[in-house]
Each structure stands twice: as C-alpha cells, then as structure tokens.
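First the structure, which I've put down as structure tokens, then a few questions once you've had a look.
Naming follows writing order (A, B and C), and every chain is counted from residue 1.
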Amino acid sequence: MDDSLQKLADIVDGKLIGTSDTLIRGVANIAAATEGDITFLVNEKFLSHLAGTKASAVILKAQYADECPVSAIVVDDPYLSYAKIATFLTREKNIPTGIHPTAVVSDTAVVDATAWVGPNVVIEDGAVINAGVRLEGNCYIGKRVIIGKDTQVKANVAVYYGTEIGERCLFHCGAVIGSDGFGLANDNGSWFKIPQLGNVIIANDVEIGANSAIDRGAIDNTIIHDGVKIDNLVHIAHNVEIGEHTALAACVGIAGSTKIGKHCTAGGGAAITGHIEIADNVHLGGMAMVTKAIKEAGAYSSGIPAEPASQWRKNVVRFRQFEKMEKRIKLLENELKSIKGSKIE
Amino acid sequence: MDDSLQKLADIVDGKLIGTSDTLIRGVANIAAATEGDITFLVNEKFLSHLAGTKASAVILKAQYADECPVSAIVVDDPYLSYAKIATFLTREKNIPTGIHPTAVVSDTAVVDATAWVGPNVVIEDGAVINAGVRLEGNCYIGKRVIIGKDTQVKANVAVYYGTEIGERCLFHCGAVIGSDGFGLANDNGSWFKIPQLGNVIIANDVEIGANSAIDRGAIDNTIIHDGVKIDNLVHIAHNVEIGEHTALAACVGIAGSTKIGKHCTAGGGAAITGHIEIADNVHLGGMAMVTKAIKEAGAYSSGIPAEPASQWRKNVVRFRQFEKMEKRIKLLENELKSIKGSKIE
Amino acid sequence: MDDSLQKLADIVDGKLIGTSDTLIRGVANIAAATEGDITFLVNEKFLSHLAGTKASAVILKAQYADECPVSAIVVDDPYLSYAKIATFLTREKNIPTGIHPTAVVSDTAVVDATAWVGPNVVIEDGAVINAGVRLEGNCYIGKRVIIGKDTQVKANVAVYYGTEIGERCLFHCGAVIGSDGFGLANDNGSWFKIPQLGNVIIANDVEIGANSAIDRGAIDNTIIHDGVKIDNLVHIAHNVEIGEHTALAACVGIAGSTKIGKHCTAGGGAAITGHIEIADNVHLGGMAMVTKAIKEAGAYSSGIPAEPASQWRKNVVRFRQFEKMEKRIKLLENELKSIKGSKIE
C-alpha cells in the first residue's frame, strides 16, 4: 500500500516539484535512501549528499530546491514535515481488536469492542478500557483504572488502581504508573509509612518512556497535563504537576509536590527538588541540579563538564580552597591599601 | 465500615476534644475536607485554613486546639498520627487468598493457604510463600525464594533464585531483586563474567520502589536490614549492606561492597562509590557524589545548583582557570612581599 | 557432580601444587571457605587469612604459593582464573528445553527444539528463537525479533519488534530493548512524535542489566557491539553505537546518536550528551558529565565530591563569586603594576 508523492505533499501543505504520481514506499536517510524512499534535508551538513541521493523524493526548504536532483516537497520545516509524512507512511494496518484468550479480565471491567487486550494482560475490577486502546502482552491494569481512546500501552507496563489516563497516550514497556509516593513519618527512629491515597491523572497525548515511574499522590493527585513527553527511566514523585507540552529527557528525577510549568524541557539526568515551582518555558540543561524555584523563563544549567582526571583532581582541591583563596585576596587588598596609604602620607 | 473518632484517638493515644461517636469515613487535606473526613494540621502555613475547615475532625498540636472549629485529636506529632489514623481508615477489607488458576506454581513450591498468588504469577521450584503474602499479577518468583509473612509484592516484580525476604515488606511494580552483580574480569581486552553466587537477604518492613534493582552478592550476600525504605529507580550493587531504618530517595545508586549505616538518608540521585563505609546517621543531599568513606554522622552535600545558562558557562570557564588564578595570587603575594621588603631596607 | 582439582587447574592452565584428585564442590571467600571449597587470593589485604584458610585449595600467584597451607593452583591472574573456575563449577545441569504450555507463541514464530520458552512468555509473529536460547517467565518478544544461540533472557524482559540479538547474550529482568527513541518535532508549541523506524542490533556476548532501556534508532539502527557489558538502570538513546568490550556501570545515560569507542568504561551515573564521539579506551569516572567529544584515550572525570553541608554551602556561594574574584585579582595586579611603575620613575 504505497502512497503517491502528491498525497504526501498534501499532508504537509508542501509544494510538490516533480512527478506527483511517483509511489513512495518508505523513508531513509539522504545517503542510504534508494528508489521508492522519501528522505529529508534538515541539517546543512548533509547538503553534500543532496546531489547524489538515490531517493525518489526529498523534503526540503525552498532554498535547496534548485539543487535537488529528484522530486521535492518544499516546506518551511522539513523536520516536522518528515515526521508527519513518515507517520503516515508507516501507519499500521490490520490493528488487532478483541481480548486474547489468555488475558485475565475482571467481570466488572468494561472493555470496548474495538480495543485490543493482548496475551496474559491482567485487568482488575471496575477498570474501563475505551475504544481503540491497545494493551500489549503482560500488562497489569489495576482496579478502576480508566484508559482513554486510542491509548497504547506496550508490554509489561503496570498501572496501579485508580489511575486516569487520557486519549492517544503511549506508554512504553516497563513503565509503572501509580506506585506509592515515598512518604514516611519518623516514629522513634523507624519509618512509619504515610498511606498514599491520591491518584495519578494523565491527560491526552502523553508519552511515557521505558521503565519510567510515576507515583500516585499522597492525598491529592499527581497530574500530567496534555502533550507532556517523558523519556526512559524518569522518576516523577507524588503530587508533582507537569504543565502542557513539557518534555523530560531520560533519567530526570522530580521530587514530591513540585510543579513544572508549560512548554518546559529538561535535559537528561536533570534533578529537581521537591515543593518548588518552575515557571513556563524553562529549559534545563543535562544533569542540572535545581534546588529552588525558577520564576523566569529561560535556560538554566549546572555541573562542571568532564576533564582529564589529573586536571579534575587538582580543580577539586582548589574548589575546597575557595575560602582560603578568598582570604588571601582580602589580605592582599588590605596590604595594598596600606602601602598606598603610606605613600600618600 | 466507618470508624468513630474515639477509636481513632485511641490508636494514637490522642486527646479527643469534641464528639467521640462522630463517624469518620476518609481523609482529605484541610482545605478540601468535607463532612465525614478527618484532616490534619502539620505545617503552620495551612493554619489559615483551620477556621474554615469543613472536616469533621482535625489532628493537631495542643497549641492550635483552641482555634479548631470542629472536633480535634490533640497529639504531639500530627504527621505521624495522621499516618497511623489514615492507615487504619484505609485498611483493606476482603483481602484475597488462594492461587489464581492462571498462576504457574511449581509442585515443589510451598504456598500458605492464607497467601494470595495473582494471575499469571510464576513461582519456581522450592520457593516458600508464607502466610498473608500477596503476589500481584505477572510476578516472577525464582527457585528457593523465601517470602516472609504479610509481605506484598506488586505486579511485574521479579525475584531471582535464592533471595530471602522478611515479613511485612512491600515491593512496588517493576522492582528486580537478585539480578547478577556487575562483576567482570579483564581477559585480554574482553570481559569474562564473574559468576554471582551470593544472594540477597532482605529483613522485615523493607519497602522497595518501582523499577528499583538490587543485585545479588558475588560470593557473600547483599543485605538490606530491618525497616529500610527505598524509593523508585534505585540501584543497589552486589554485596552492599544497608543498615536499619535507612531511607534512600529515588534514583540513588550505590556501588558494590559499600556498607551504609543505620538511620541514614540519601536525597534523590545521590551516588555512592564502592568499597566504602558510611557511618550511622549520615544524611546525604540530593545528587551528592560520595567518593570516600564518611566516618562522622551529619549532613553532607555536593553539586552546584543550576543558574542561568549564560552565567553557568562563565563559571565553568573560571573553574578551569583555578590553577592559573592560584598562580596569579601567589605572584601578587610575592611581589607585595618584595615591595614591603624593599621599603624596610 | 564435584570436579577434581586437576580438572580445575587444567581449565586455567594453572600449575597445581598438591593433591590432584581432591574433589571441589563450591567456591567461597578465603575466610569463610570450608572443606570442599576452592577460594582465591587476589587482594593482598586478605593475605593474613591465607595461613588459616579451611578451603581445600587456593587460586593464587606464584609469590604466595609457599605460604599456602593447602593445595594451590598457581596462575598469573587469580581473579580471572577464579572467574573461569567458578563458572565451570557452577555450570547448570538439567537445562530445560521446550515451550511451557502457558507460553503464547505465534504460529509464524520459529523456536528451536533446544530452546526453552518459559511460562507466560509471549512470542509474536515471525520471531526466531535459536538453539539453546532460554526465555524466562513473562518475557515479551515482539514481531520478527531474532535471538541468537545460547542467549539467556531473564523474567519480565521486553524486546520490541525487529530487534536482532546475537549469541551468548544475557539480559536481566526488566530490561527493555527497542523502545522508541525520544524524537520530537515542535509543532506550534506542541510536540509531534518522530516515528522511530530503526532497530536495535545487539552483537554477541552482550550483557544488559536489570531495568536498563535501549531505544531503537530513528531511521538507522542503535548498535551494541560484541562483548559490551551494561549494568542496571542504564539508558541508551536512539542511534547510539557502543564499541566492542566497552563496559557501562549502573545509572549511566547516553543521549542520541553518540558513538562510544571500544574498550571504554563509564562509572556509575556518568551522563554523555548526544551527537558526539568518544574515542577508544576512554575511562569515565562516576557521575562524569560529558558535554563534548573526547578524542584522546585516557581517564576523564567531573563533579565535586560531597563534603559537610555547611562547608558545601559556603563553597557554592564562592563558586557564584568567581567572576567577582577574577575582577579583584585583576585590580590587584593593576594596582601593583602602577605601584612598581611609580617606584621606577
């Protein structure tokens, strides 16, 4: 089921230069593409490959159209247009529906006839699985979980009781949603567990990466708003709230009750302390250590990049001598002042 | 099955002010609580909500009792008392027992009649599942694993062969216990795997968070003592030993053969090197980088908090110039000394 | 099935001193070993235990042979020899084969008769499971996955469609292979998902730790070469390539399209940015923050080790005052120059 170049151009409102009925079969990078492939030119460093590309068509900006030896779809944002065209070209056909005979579905759960419940999936009492939802093998869906239309849950995902999930979400393998928050009260030296009675509320179009974990709220809920994208191995603690269209790269950790704004991004390994607020449009660098509220939009970073270990060891020692260094400078300043003073006299 | 206020006050040895037979249904925060709820006042910043609370009762300190418009349970530690009361109020009724027909239980495994083995759980040869244990859907329990009374294992947890687990533990979804330690011997440039022949021993009242991983020992055992609490995505390497009532927040990593004391805490993302000892009552800040033994109780931290990226870039450059700075100060000191010297002459 | 000391010595080309037909049953550390155990002496700090060891034999270097009170296997590298002997001694007998009746295997999947497919394993269409492969309980093997000979996949592992895995690999519980890379295009403030169309290619003798995640490529493949060893909770992003015999400790994160050389090592929690190249034989310290290419072999580190929190707070303040400090030094230098200048005149 190949698609015509015209059809693909229409999807992205692009200007087609070339043969509109050329059939496109797949996508490839500009150097590896062969006949039947569409490719794209986003980064100027690949411009040298354009003249020799074997692709049937290239998605590119107007400024490169003249240099394109094959058909072209001219757009303002080739990367976004590529994403849309590739999504269309690789859309799945023959999507399964129904409940696999090995799935264990509670009598009180409701599963839409157009949903797919894969092998060995467990669905507990009162859960609601809406139209077009796909649950892959070995998922666990707890009591009273609600999963909105067309959400995909990959294999081995676990969703605790009471979690509410919106439409068109995508949860990757091993993700855990709704685990207990880390709430502990000190009881004469031992820890007494604070029961975690809130839920996790996930809005629409949220993606959660492999082996990430999102805790349920302590009393109120943990809330992930529309369009939030979360990469692998990310930790979201209890009562966190993440604003619309914020994206968190892998290994990010967010401590309890922190509220992240809209349209934020966090680089891999960034860690954000609890009980603070991060404004909209804040962009954190990788491994950024955020210890207090950020009230202004903008880019924030921390951490000292790696250097040869011998050099690093010296700098660590110096860092420890800051205070002494400060004192030596102060002393120099005072002595100099006294020298200059004595000259004036 | 609601509980009387008197009953709740008794649980925490609290002084009841108000109507002892008021029935309490649930818990809520002080602003959201309605009739039938009990709430609590821990943090003074919520004091302004006390006068207007719609709760049926408030758990609070004596100093606020006069201001409470409804019934009160007066205690020294409202947070701990809240935890105890909420735990009691939300205790589960109708706890399941038995073995789900889809579970795969070895003939040589022993499962107590009061335990619950959920759907698709796999229990291998020689495992022992004691009274009141609950294994949720899709768990994997390896050969000869022993699980003590009343321990709860949530969905999709994997426990390797030989692991010994105490009573009243709680393991969250996706946790892995007993995976091989990362032991490698260099064999002419390639890695030869050191067989990991020890076990993991987990004592009583231990909680392990979602997607955390605890490796088995290389020859001896990895040991987690009574009352240890471990959050999500924590890594515990082979032969680590963690002392009683220590709590590790999310994303902490502990390298091999390190011994952590009792009553310690580690903030999120803290990383501790291998083969060292951490004393009792040590408290590590978030992202603390621990590279050597800590012998004294106390608080330890590292890391430079995030700052605007433009400022950060300058400071990174300066950090690299430490050595030069040091030399410039030294030169200034020497010159000043020679100036002062010349004046004396 | 015990093995003779001679047999064990032969495995490592060691020189046997003592009784060749002594039967060895197991391994233990030098202090805990009893009759029937073999032990080893690698670290000089355990030398004091040699004279009193109760082991039946010790693996050690020639220089300690005279002090050994029992049989000895003399080798150049006792740690590596221990690994080889322990692997042999603890080899599994009675390895299962066949397909457990609860496994769900597609009609179009091919499973070798000598492979083991455990309970509740799901194998999708077109997958190929080669000779000697072992899939433990609750694994998920996606469409067209190929798993090479003698690879072991522990419980609850998920492998996405199209992944190619070599021979003798070992994947620990909860590992996820082939999840979507974190590719997003900004579409007027919301994120449009870039379809992830590449695969993951894993060569021979690769070990992947518990709950680690390896993303599939965006267009081209993510590639893990021969002999790579990956610890727990490691994140490998899309299109990363990792060279032969590189070892990554727990909690390492590698961002997209980065290429790591051969024979590298990364300490726990190291984070490597995207789109860079790391040379062969590079060794990164724990928590190293790698923000640009490393072209020379060698050791690299970053991060300031933890210190008492009160001291740390002061140093953080100083770090922020770098720029001011620099200016004060500059001023001192200028003033001194003018003083010296004035003296010359």
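Note that a residue touches a chain if its C-beta (ideal position, glycine included) is under 8 Å from a C-beta of that chain, and two chains touch if they have at least 3 such contacts.
Being a predicted model, the structure only gives us computed values, none of them experimental.
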Interface composition of copies chain A and chain C: same or different, split at half: different
Angle (degrees, nearest 5) of the CA superposition of chain B onto chain C: 120
Mean-CA-position distance for chain C and chain A (Å): 25
Numbers and ranges of chain C residues touching at least 2 other chains: 102, 120, 138, 156, 174, 211, 233, 251, 269, 303-305, 307, 319, 325, 329, 332, 336, 339
Complex contacts: residues of chain C adjacent to chain A: 102, 104, 120, 122, 138, 140, 142, 156, 158, 160, 174, 176, 179-180, 182-187, 189-195, 197, 211-213, 215, 219-220, 233, 235, 237, 251, 253, 255, 269, 271, 273, 284-285, 288-292, 294, 298-305, 307, 314-315, 318-319, 321, 325, 328-329, 332, 335-336, 339, 342
Partner chain A, residues of chain B touching it in the complex: 27-29, 32, 77, 79-80, 82-84, 86-87, 90, 100, 102, 118-120, 136-138, 154-156, 170, 172-174, 205, 207, 209-211, 227, 229, 231-233, 244-245, 247, 249-251, 263, 268-269, 286-287, 303-310, 312-313, 316, 319-320, 322-323, 325-326, 329, 332-333, 336, 339-340, 343
